[in-house]
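Data block below; observations after.
When the chains are written out, they are named A, B, C and D in that same order, and each has its own residue count from 1.
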Amino acid sequence: MSEHLHRLRVRYAETDQMGVVHHAAYVPWLEEARIAWLRAHGHSYRELEAGGIAMPVVALELRYRRPLRFDDEVTVAVDARAEGPSRIVFPARILRGDELCAEASVMVATVDRTARPVRIPPALAALLGRDG
Amino acid sequence: MSEHLHRLRVRYAETDQMGVVHHAAYVPWLEEARIAWLRAHGHSYRELEAGGIAMPVVALELRYRRPLRFDDEVTVAVDARAEGPSRIVFPARILRGDELCAEASVMVATVDRTARPVRIPPALAALLGRDG
Amino acid sequence: MSEHLHRLRVRYAETDQMGVVHHAAYVPWLEEARIAWLRAHGHSYRELEAGGIAMPVVALELRYRRPLRFDDEVTVAVDARAEGPSRIVFPARILRGDELCAEASVMVATVDRTARPVRIPPALAALLGRDG
Amino acid sequence: MSEHLHRLRVRYAETDQMGVVHHAAYVPWLEEARIAWLRAHGHSYRELEAGGIAMPVVALELRYRRPLRFDDEVTVAVDARAEGPSRIVFPARILRGDELCAEASVMVATVDRTARPVRIPPALAALLGRDG
């Protein structure tokens, strides 16, 4: 299992006038958690980009189960798997304690500086295992 | 057909260091377009909320086809349909001219002040037609 | 007088749990208004950047007078003046109808691709007049 | 001295196409640091609001000295002082290691549920000392 637990605290700026976290605020959390997953597994996204590999998001799914609130301590439990030679899927659960508050799946492509798809770098592909 | 075309121009703040629009920036656009759809069809979301009906997002899907850039003039072509008695789905296409750049689907629930599901208000339900 | 009136409508995502616009949301509005000022005076910020001139913000001041709310129609009345050979100040008032809701001043530097200060391009400098 | 050091890591979503952190992204950091200052001194902003005291921002100043970048580890060194009976000023320095990257000052008002100014709560006022 390669799941990584990324923790954060809800910012005031992330709330809206419903008194809960705005649904768009989850999207940067998922990104932060992906980057933390890479770091926890020995990969710096900053260095990947500096080396010419970027990971633009190609698809995003989110299901909101329970509202989150300002100051909540949130855990993003994120994993990763290859989906073909140049795509990675990051499934994630967003939790407050044991309570499942949202579920997500984000697909990124691995591309070069000209935005053309390239194979997932070998050291990273080795971590991701086979796609199913 | 009840599709509404909502126009906007990409803000500089919506870009990221890949030189394109950050994927999270599309989410407030979709919200703005839903609210514009309601207005175009005679409903003020502000008045709905003041009257005790809110529409929190329960699910979100986005597929990114082509990058958008700072200063691009974007059209969000958004439609709406009921999905059961207390949910509305807003499918949307995000276009630059004739070019399809992203596709999305956002599901909201109609809830009261205590966040409990309530039936879609009749005048709005009449617009949305039957769910399939 | 070179003041430009830039109009926008408050996005739901720009509110916070106080039920008003979050104070950070004004900052991208001011940027959008600066870019609209340039466009209204014949300058495309996109083309300036493509030509190697960027305008990073070096200082920002905001005074919040009255809260703004979701769906409000807002006018950003923005002007510009040179402040020395490579700085521009954009003073702005944020209005709802005739009501002054906030005042701001944003200073940008004109820099080249290496982030070094360069003189304001002549056609733009001609518009900005003498600094005081 | 009551200065608090709040640490954060720059999110990818906080960058813009200049390749550095967008100037608006600093504003929620300052807010997060104010709330961390309160927590470090025994006050929960969440509980203050629940008890009927809010702290809307009335003025904001920022000076940007050096650009920050994605993945940078940032320290917001924030302090607080009373400014009259119902205003608090939070001066802050934004640092990367020992390098001063930005300076800020944020003034908030203490208000009740009707947005009317109220005296700073005594336990908090005691911490803030005399205003000058």
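Keep in mind that, in the parts below, contacts are C-beta pairs under 8 Å (C-beta built on N, C-alpha and C of every residue); 3 or more make two chains touch, one makes a residue touch a chain.
Keep in mind it's a predicted model, so treat the numbers as computed, not measured.
**Q** Looking at chain pairs A-C and B-C, which one is connected by more C-beta pairs in contact?
**A** It is B-C, judged by the count of C-beta pairs in contact.
**Q** Average the CA atoms of each chain to get its centre, and name the chain whose centre is farthest from that of chain A.
**A** Chain C.
**Q** Distance from the CA centroid of chain B to that of chain C, rounded to the nearest Å?
**A** 28
**Q** When the C-alpha atoms of chain A and chain C are each averaged to a single point, how far apart are the two points in Å?
**A** The mean C-alpha positions of chain A and chain C differ by 33 Å.
**Q** Provide the list of chain B residues touching at least two other chains, using ranges where the numbers run on.
**A** Each of 12-13, 17-18, 20, 24, 27-28, 31, 70 in chain B touches at least two other chains.
**Q** For chain A, which residues count as touching chain B in their complex?
**A** 17-18, 20, 23-24, 27-28, 31, 49, 54, 56-64, 67, 115
**Q** For chain A, which residues are in contact with chain C within the complex?
**A** Touch list, chain A to chain C: 12-13, 15-20, 22, 24, 70.
**Q** Quick check: in the complex, which residue numbers of chain C touch chain B?
**A** On the chain C side, the touching residues are 9, 11-14, 27-28, 31-32, 35, 44-46, 70-71.
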